[in-house]
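Here chain A shows up in two complexes: once beside chain B, once beside chain C.
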Partner chain A sequence: MKIVNIVIAIAAGLIVLLGYFFNSPGLHELRSPLLDWAVTLSGIAGLVAILNLVFGVHLKRLRENHPKKGFSVVILISFAVTLIAGVFLSPASEGFQKLVTRVQVPIESSLMAVLAITLVLAALKILQRHRNWMGFVFFLSVIFFLVLNSGVLAFTSEIPFLRDILSGLHQIPVAGARGILLGIALGSLATGIRVLIGTDRPYNG
Partner chain B sequence: MTAERMLGFVVVLFTAAGIGFFSLKQIRAQFPALIRKIPPIARLKRAIGLSVEDGSRVHVSLGSPGLTEPASTSALVGLSTLHRVGQLSSTSDQPPVCTSGEGIFALLSKDVLRGVAVETNTYESYDPDQGWLTGITPFSYALGAMEVISDPIVKTNILVGNFGAEAALLSSAAERRQTFTLAASHSLVGQAIFLATSRDVLLGEELYALPAYLNYRPAHLASLRVQDILRFIVGAALLAGTLLRALGVL
Partner chain C sequence: MADIRCLICNRVNDSSAEHCWYCNTILPKPTGPLTQKEREKLANLKKKIAGAPNPDPEPHGDAPQKTPPESPAEEEVPDWLARIRRLKQAEDQGPTSGKPDWIEEEQPDWLAKLSQPAAEDTPNPHDAANRVAESKKPALDESLRIRNLPRETDEEQEFITNLLKPTPPIGEEDSANSSNGQLEPLQEDRVDDQSGQEFPAPEGPNDEDFLDVEDLLSDKENVRSDQKTVQESEQVLSVPTGKDLPFPLFVDNLPDWLSTEETETKQPQDTGDNEDDFAGEIPERKIEKGRLPAWLQSLRPGVTGSIEKISSETAQVREDDGVLAGIAGTLPGTDLSGRVLKTGDFTQELRVSAAQQKNAELFQSLLQPTREPKAVSADQNTAAPSEKLLRLFITILILLAVITPILAPGISAIIPVLFPTEVVNTLGTVQTLPTEKPVLVSAHFEAGLAGELNWASQPVLKHLVTRGVPLALTSTNVVGFAILQDMVTQAISGDPAYAKDKKVMDLGYLPGGAIGMGALVNDPLGTLPFTTDLQPVREHPSLGSLNSLSDFGALIILTDNPEFARTWVEQVDGGEADLPLLAVVSAQAAPLLHPYFASGQINGYVAGMSGALYYEMLTMRAGSATARFSAYQLSLLLVAVLIFAGGVVSLILAAPRPAKKKEAG
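So, the complex of A and B:
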């Protein structure tokens, strides 16, 4: 049975990949339904995982009298309210959108505020964490580019020599990001191909 | 087929052939791979060993990857890591736990954990709820994963996958508990935040080297070699392009 799963996974992957490279109508006809199935499967997997979160995790906590069962009660009530509202109002309706966004947006905004404070604290402690040349360079770069992008040096646009130097300095983070992205792209390629040829199997079947 | 697609196809074929070639036992024996030391991974191995000894739990978090996005490859690395961590900690009383922010990866993590339990004859200690979806938006996922990080039994955290700004909440939660945390993301934002908030960070392609360094499968080491070859080719092409542009040929 396991070998059948592997063969199906590799065959589906190869058809989708070849359909991208070769403009053959036959491959296109095979590729489109496979991609549609993947999207549908992904949606169903999301639903299964949410049901698992509700019944497998939070209801279980209530049954087992878990110390954090209070949070689980809040989650279960929120889930039930959202589900009932979604069924009666439909997810696309304005009323449902308002109901969800008026709860979700303030919560996520407050988390963003917490995140901002966390990042400021992290920036202050960065040299403590990375006591090496890399941490030092990272810290100096952060300060330097914060100053550079703050607009304090806007007056240099009048001086051609300084303007050219600053314009060059602006390219440094872009060059660094491209270097990192090249490594990421090659790593992604190798990982994808390992899955495609079946040497790396994130599924057991 | 356009020239761009033809080139892409050749690169894919070359990579697949290279991985196959360098995975051959004969080639591995004749030309053993030389790998540089990555200190965060060495510390991770030690942390896994310690967690097996003291009966604590390893937490692997995959972030919020979309299966159909290119970002999903970093979460696939996270799944390979989860598999290897499961094998390494099979003698522990506490099997690893995995959190993610995407349904399909939550199911895949359950499947990986089940596979490990079958392989290592520890199926009686397998609990399907060890792999779970903690939330479907990046922040809700982070809040759920923070709860796992704050569990006293979790003493090692491996954050490998698709992380954005919410990464700061996870790594700061782990720091508060003074647990070992290895953090890696394919995203530039995630990497910058991890570098600022964690001690042990993998940058750039180091993320994709993680399974190879954990001695997972020969194909992982082989793919590192192919990546190195491709990197030289891309570097040479960039230099040649710059030179030709400077000379006015291009």
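So, the complex of A and C:
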């Protein structure tokens, strides 16, 4: 049975990939249904994930009298309220949207604020744990770009020499980002090859 | 001339032959007439034989070992011996039945033994010789088996058995016999037993009266000549091979494997050796082990390993089950459980350079499946009180830096005067968008970054709303869909002339990630045929003429994830659609998005609060970014100062203390 999965995955991947390089009507006719099926399966996969979260995790915790079953009770109640609101109010309703934005956005924003403070603490101690030249470079880079992005060096635009230097320093993160993008591209290519040759089988579960 | 019969193989040869045609043994030569001295000796011998108490003794007491153990009755008795026996019988039947005194006195031991019946407890020398031969026979058979030689036939078996009989040294025998003057009778019996044939009578008078004596003399002469011939031949053959050779007589004719056979068999000094002596000789006889080739020896470890071990095991093994149950001495099967046969490795060595090896490992690592990341367990109780105090102090400082500028409007920020190119291009693109074509706004961000993206997107959305551009909203994640609706609502709230119901179309959630994006690029109506309120897209007033992605005026991406922006760029750039691509991203995604802007794949982007501030400054509409930029700027400066101070303190506190170390040492 696994070989069937592999054959289907490889064939679908090759058809979609060839559709990018060759503008053939036949390939287009094959490619469009595959993409539609994939979109539909992705939506169903989301639904399956929700059902697993409710029944496979939190309801199971309640049945097994898990020590953290209190959190599961909160999650199940929130899920039920959101589901009922979405069914009766529809997703386009402003009331339903506020139910999401007024709850979820503050919670996640608070987590981001805590993350910011944690990062500051980590930056404070970086020289304690990494007392080497890479640690010093990172330490100086953090301070320099924080100051640079704050805009307090805007006065340097009147000074040609400093303006050119700061403009060049602004490109350093871009240069680093290019390297990261190249790495991402190579990683994506390797991932695609692994899937196409059947080495990586994410569809096997 | 009469033919000569070989003493060894008993086959007839021509009289002119010196060696046997069959076994190459030296043949006895016909002798001439006896001398006077010899005749006297034979006469004495005749008298002794005639006066012997037992006329028919066992003639094989010290018989030569080459004689096969056959019954005398079955032998072909020569005429001269028959005549002797007849004379003896005639004398026994005569009136004089007593024995002469000289015979009683001078009777030697061997003759006494011959005259007495053989005792059961006394080993018969002839039987002992046969036992020696029989005891050597298995060793010889084993040697044959080791050498993978064919087994001998019955005749050859008998021949070899005779050969293996212990032969007393000839010289010693001669000296012993000559010392007591008993050579002639012994030689006579020996020759008779050996050959058992009729020798030709010597030339001489053939008178009837003198027949017996002459015949006897001729026979004795022949016997003596034959005996000498045999002795000479034995001596000649035994000289080059030595005494220890087991086959001294036929070294030249024996095969190599037999002639080189080593022996440690002792020559019996006395024919009266008991069985224990012979039994002790058997294990001493060692046969040279087979010298098998290495490859054959490796294939037969159980066989070539130890033959002695196998033979000893064979005697001890007694089958408990199977068809051989109860039978002792069976050959044990070789235990093959630990036997491993390995085929030779004939593969050629693959020579790989270091660079090739490195490239191969890299390629192999690329093809390996990705490993699941291990979850890091968070230990919440490891923080020390001082650590908690430091966290609290830093949190308070940052909160003060954020809140103070908002609460105190008098604190002004340093406003940059140079506008980034990407923001300027974004403004120019939005400014030139046609108002009849809708703009597709695609969102993909988490709720935690919704605040930053809201501040960054508001200037752009307000600009679009101001220009009256229709908006089509979609999101590739569930949370982004609801937040985007809220952002647009917030942007429209400032312009009551913009009809949201007619110009804003909510297409909802687009599943599938990159696949969904690709499907939307290729077939927008097929991918998202309905709005969130379940209205057909074609029936919407602003999207009635929508057939492909090119019917949109522009595509604006709202995301905090550079991967999402990259995917959109790839999908739109690879398709046939030719529409402007703009982006509103968080500050952390800006460096990763800038290369796409530099390459022209993105027409422009607004990143973070700084980008929003630039956009507001360009449009000369103060918004949220302008109002919060001072707090943002102060917070960044405070964080930079804290990190610098913390780094300096860390350097001081964590510096090595050589004085204390010396004291401790």
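List of remarks:
As a working rule, the second predicted complex is superposed on the first by the 202 of 205 C-alpha atoms of A that agree within 3 Å, B and C clash if a C-alpha of one lies under 4 Å from a C-alpha of the other, contacts with A are read in each partner's own complex, and residues count from 1 in each chain.
Basically, a contact is a pair of C-beta atoms (placed from the backbone, for glycine too) under 8 Å apart; a residue touches a chain by one contact, two chains touch by 3 or more.
As the structure is a prediction and not an experimental result, all values here were calculated from the model.
When both complexes are superposed on chain A, chain B and chain C end up clashing with one another. With both structures placed on the common chain, the touch criterion links A:K98 to chain C but leaves chain B unconnected.
In the overlay built on the shared chain, the residue A:G151 is in contact with chain C alone; chain B does not reach it.
Look at A:E108: by the touch rule set out above, it reaches both chain B and chain C. Judged by the touch definition given at the top, the superposed model places A:L53 against chain B, while chain C stays out of reach. In the superposition on chain A, A:I143 makes contact with chain C only, not with chain B.
Looking at the shared chain after the overlay, A:R194 reaches both chain B and chain C. In the superposition on chain A, contact is made by A:G179 with chain B only, not with chain C. Applying the stated contact rule after C-alpha superposition, one finds that A:S32 touches chain C and leaves chain B untouched. Applying the stated contact rule after C-alpha superposition, one finds that A:I126 touches each of chain B and chain C. Chain C runs into chain B after superposition on chain A, and of the options 95-103, 221-229 or 239-247 the stretch responsible is 221-229.
Common to the chain B and chain C contact sets on chain A are residues 20, 35, 38-39, 42-43, 46, 104, 107-108, 111-112, 121, 123, 126, 177, 180-181, 184, 190-191, 193-194, 197, 199-200.
Chain A makes touch with chain B in their complex at residues 17, 20-23, 35, 38-39, 41-43, 45-50, 52-53, 56-57, 60, 68, 71, 104, 107-108, 111-112, 114-115, 118-119, 121-123, 126, 129-130, 138, 177, 179-184, 186-197, 199-200, 202-205. The touching residues of chain A, counted against chain C in their complex, run 20, 31-32, 35-36, 38-40, 42-43, 46, 90-92, 94, 96-98, 100-101, 104-105, 107-109, 111-112, 116-117, 120-121, 123-128, 131, 139, 142-143, 146-147, 149-152, 154-155, 157, 173-174, 176-178, 180-181, 184, 190-191, 193-194, 197, 199-201.
Looking at the complex, you find that chain B touches chain A at residues 1, 5-6, 8-9, 11-12, 15-16, 19-20, 23, 67-68, 70, 73-74, 76-77, 79-80, 83, 102-104, 106-108, 111-112, 114-115, 118, 128-129, 132-134, 136-137, 139, 142-143, 147, 165-166, 168-169, 172, 186, 188, 191, 193, 195-199, 203-205, 207-209, 211, 217, 219-220, 223-224, 226-227, 230-231, 234. Considering their complex, residues 366-370, 390-391, 394-395, 398, 413-418, 446-451, 478-479, 481-483, 485-486, 489, 506, 508, 510-513, 515-516, 518-519, 522-523, 526-527, 531-533, 562-563, 566, 574, 587, 591-592, 594-595, 598, 610, 629, 632-633, 636-637, 639-640, 642-647, 649-651, 653-654 of chain C touch chain A.
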